[in-house]
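There are two complexes below, and they share chain A, which is joined by chain B in the first and by chain C in the second.
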Partner chain A sequence: MGNKLGIEPIAQEKIKISVNDVGNAIEVSFVGDIDMEDPSVILDPLFEKVHSGVVQNQITEVLANFKELNFLNSSGIKAVAKWIMKLAMLPPDKKYSIRIQHNKAITWQVTSLPTLTFLVPGAVKIE
Partner chain B sequence: MAKKPDGYIELKFGPRWRYIAPARLFIQSFVAIAIEDQNKADGIAMAASELLENAVKYAKGEETSIIVQAFPEQNLITCSVTNQGDATSVKELQTLYKKIMSGDPLEAYIAQMREAAVRQDGKSQLGLARIRYEVGANIKLEITPDYLITITIEVH
Partner chain C sequence: MNFQRGWLFWVAVSLAVTVLAALNAIWEVALPLRLILAVVSGVLPMLGFFLFLRSRPPQEKDFSQTIPLLPEYSPTEGTTLEQSMGFPEQDWEAVTSTVKELDSVLSHDNLIERMSRLLRQLENFFNEQKEGTRFIYENVIRTFEISDNLANTAKEAFELSERVQKGVKVVTDSLSQSQQLAELLFSQSRKISKIITIMSDISEKIHILSINASIVSARAGMSGKGFEVVAKEIRNLAKETENSLLEIENVIAEVQNTIQNVNEKVELAHKETETEKSDLLAVAGSLQGVILAVEIIRAVSNVAKEKGEEQVEQFNKPIVQDLLESGGSLRDMIMTLKNRVKDLEKQFATVEEEAR
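Take a look at the complex of A and B:
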């Protein structure tokens, strides 16, 4: 596995994040817990790399796979929201969509993740 | 809340980040046993974790405490987190509380997320809005004259 953007996987504390090509799309997969004091240290640079890489390579879809993420604190939600809000600033010809993949067996995912679809209407879908 | 709880747990610890995750897991187990509702237990554990994160981040004293009480007859769980603040942190918290408790819970949460996304001070200030919307909790804020802060959530 790997990705056309050249983004290295992350394994820190209790979280592993990998970026993979899935067809023409890019998948960002999270495994473990994001409950550290300042997850922005990890997440902000990652999302910036994904965002700029996707825009430069004219990729139209990113899959955000949270299915194996057991916990995400509100500082982590902030980082995801910050990424999603970048979509609102893109010109029409650079826009891409984010498809959130969630696990219905994990309670926080059922309540937290759908709220992210309201941030930039039409840009984020959940499945 | 005149009736005595059917069961409760109280944890006190020096405000260190590494104790939050084990506290969350312990609270999740306690609530799941007390009310036999895994989804509610997960939500309350998330809420407790958010409150503890805030308490640890902004604590001005050495001791942070959390009490979780179960009232199965009333189908009620309460969770109170207490920590020492100061004049500045109390004022900020009061302003945030007022903002988050007004209006529709989802709208308040979305607005808070949008604001968090552009904040430059490293804070998220999302925890209370998240708890109010995702857990459907009533949230009470109490502050003593010497800035002891207690946030209590009530979940039916």
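Take a look at the complex of A and C:
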């Protein structure tokens, strides 16, 4: 698929992350488990590339697809929260929206992911 | 009138009064004239003293200690005061009017008072702000600690649920193995049943054979007597075998029933533990969700905490003190300026007086 931001996919032992164009939006998909000791090593640079690319290219929407992510540890969610807080710091005219796609059959997603919407009310939605 | 002339005038008047008083005492004059002489002798010395005071030279004042604002005055013939001081006439007027205006502004006592009041208000405002920031900061720290504690508790609960999950997995695995073993036992008991059926058939055939042997021996008469005994024994043996096989079959049927019961119970337990396992997984998932949610809160409160620390650090710097000191310095400066304007005005007055 690929993406207009030129971000390479990440494939590790238990996790695969890909960035794809979906219409005018950008989709970041996670498949597998994020249970490594320090996932920020891979997640922070990825989210930084997505964030700066989206701002520079004036993309208005990002889809964060967690539907096939079976496990996420606390360091992993910290990296996600850090990315969303970057969005909060943007001036209103540069803000983009994040749509979090979650799997209702995975309990931790139901319990934790809606909390992310409170970080930037209105700009982060869950579906 | 200069000083010397004024002094001489005063001496002359004093002498005249003394002479008049002496005449008044010596001569017998009419009463109205005596009254006039008395008034004149009283008023004239006062008038003379007044003129003396007016004719005194001005006191020397050292303005070098205040502000050397004015150029040295040296009047020349045919020039005005302003021209001789080097100012164009319009500028001079502007300067004097500005000085007067400045004096009126600075003389306004409310200015200092208002400034002091504003400084006090500012101090109160900053103190309130500082207290407010400290309050927010302390609450953020508390939130951070609570979320930290909550995250740790949720983590412990998650680990506990993981351990229980592992335990339940061992139980379900054991039950699953028991179920398989029971099925194996059941199938083996069926095999035994089949063998018993075969053995029962054999026994029946032996029984039939023994009956046939008895018939054959009866036909043989006396010579077949011994064979008859053997046939009878074989018949008895076949019957006992048949009875034993029947008994075994009953026991095996009971064993099979028991196995089936055990199997049903194991299956039920397996189903129950499977349900428990999925419930436990849901609990673990919820706890993991709580951990993650708390982690998000912790990330946010950490940002707020850092910001609060920064704010408190800023307030801890003596901003208020600096501000108050600056205000005090400003007030002193105004006071100095006010004094200097007064000095300046005096200088103007002196210069103007000298020019006249």
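Note that the second predicted complex is superposed on the first by the 127 of 127 C-alpha atoms of A that agree within 3 Å, B and C clash if a C-alpha of one lies under 4 Å from a C-alpha of the other, contacts with A are read in each partner's own complex, and residues count from 1 in each chain.
As a convention for this text, contacts are C-beta pairs under 8 Å (C-beta built on N, C-alpha and C of every residue); 3 or more make two chains touch, one makes a residue touch a chain.
These numbers were taken from a predicted model, which means no experiment stands behind them.
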Using the overlay on chain A, decide if chain B and chain C clash or can fit next to each other.
clash
Touching partner for A:Met85 - first (chain B), second (chain C), both, neither:
both
Under the stated touch criterion, which partner chain does A:Ile77 make contact with: chain B (first), chain C (second), both, or neither?
both
What is the contact status of A:Gln109 with respect to chain B (first) and chain C (second): first, second, both, or neither?
second
When the two structures are overlaid on chain A, which partner does A:Asp38 contact: first (chain B), second (chain C), both, or neither?
first
Looking only at contacts as defined up top, I'd like to know whether chain B or chain C touches more of chain A.
B
Given the touch rule stated above, what does A:Leu119 touch, chain B (first), chain C (second), both, or neither?
both
Common interface positions of chain A, toward chain B and toward chain C
71, 74, 77-78, 81-82, 85, 106-108, 111-112, 115-116, 119
Taking the touch rule as given, give the residues of chain C at its contact with chain A in the complex, in rising order.
151, 155, 281-282, 284-286, 288-293, 295-297, 299-300, 303
Considering only the defined contacts, which chain A positions touch chain C in the complex?
71-72, 74, 77-78, 81-82, 85, 106-113, 115-116, 119
Contacting residues of chain B [partner chain A, same complex]
17, 20-21, 24, 38-39, 42-43, 46, 49-50, 53, 57, 106, 109-110, 113-114, 116-119, 122, 124, 126-127, 130, 133-135
The answer for chain A against chain B in the complex is residues 33, 35-38, 40, 71, 73-75, 77-78, 81-82, 84-85, 106-108, 111-112, 115-116, 118-119
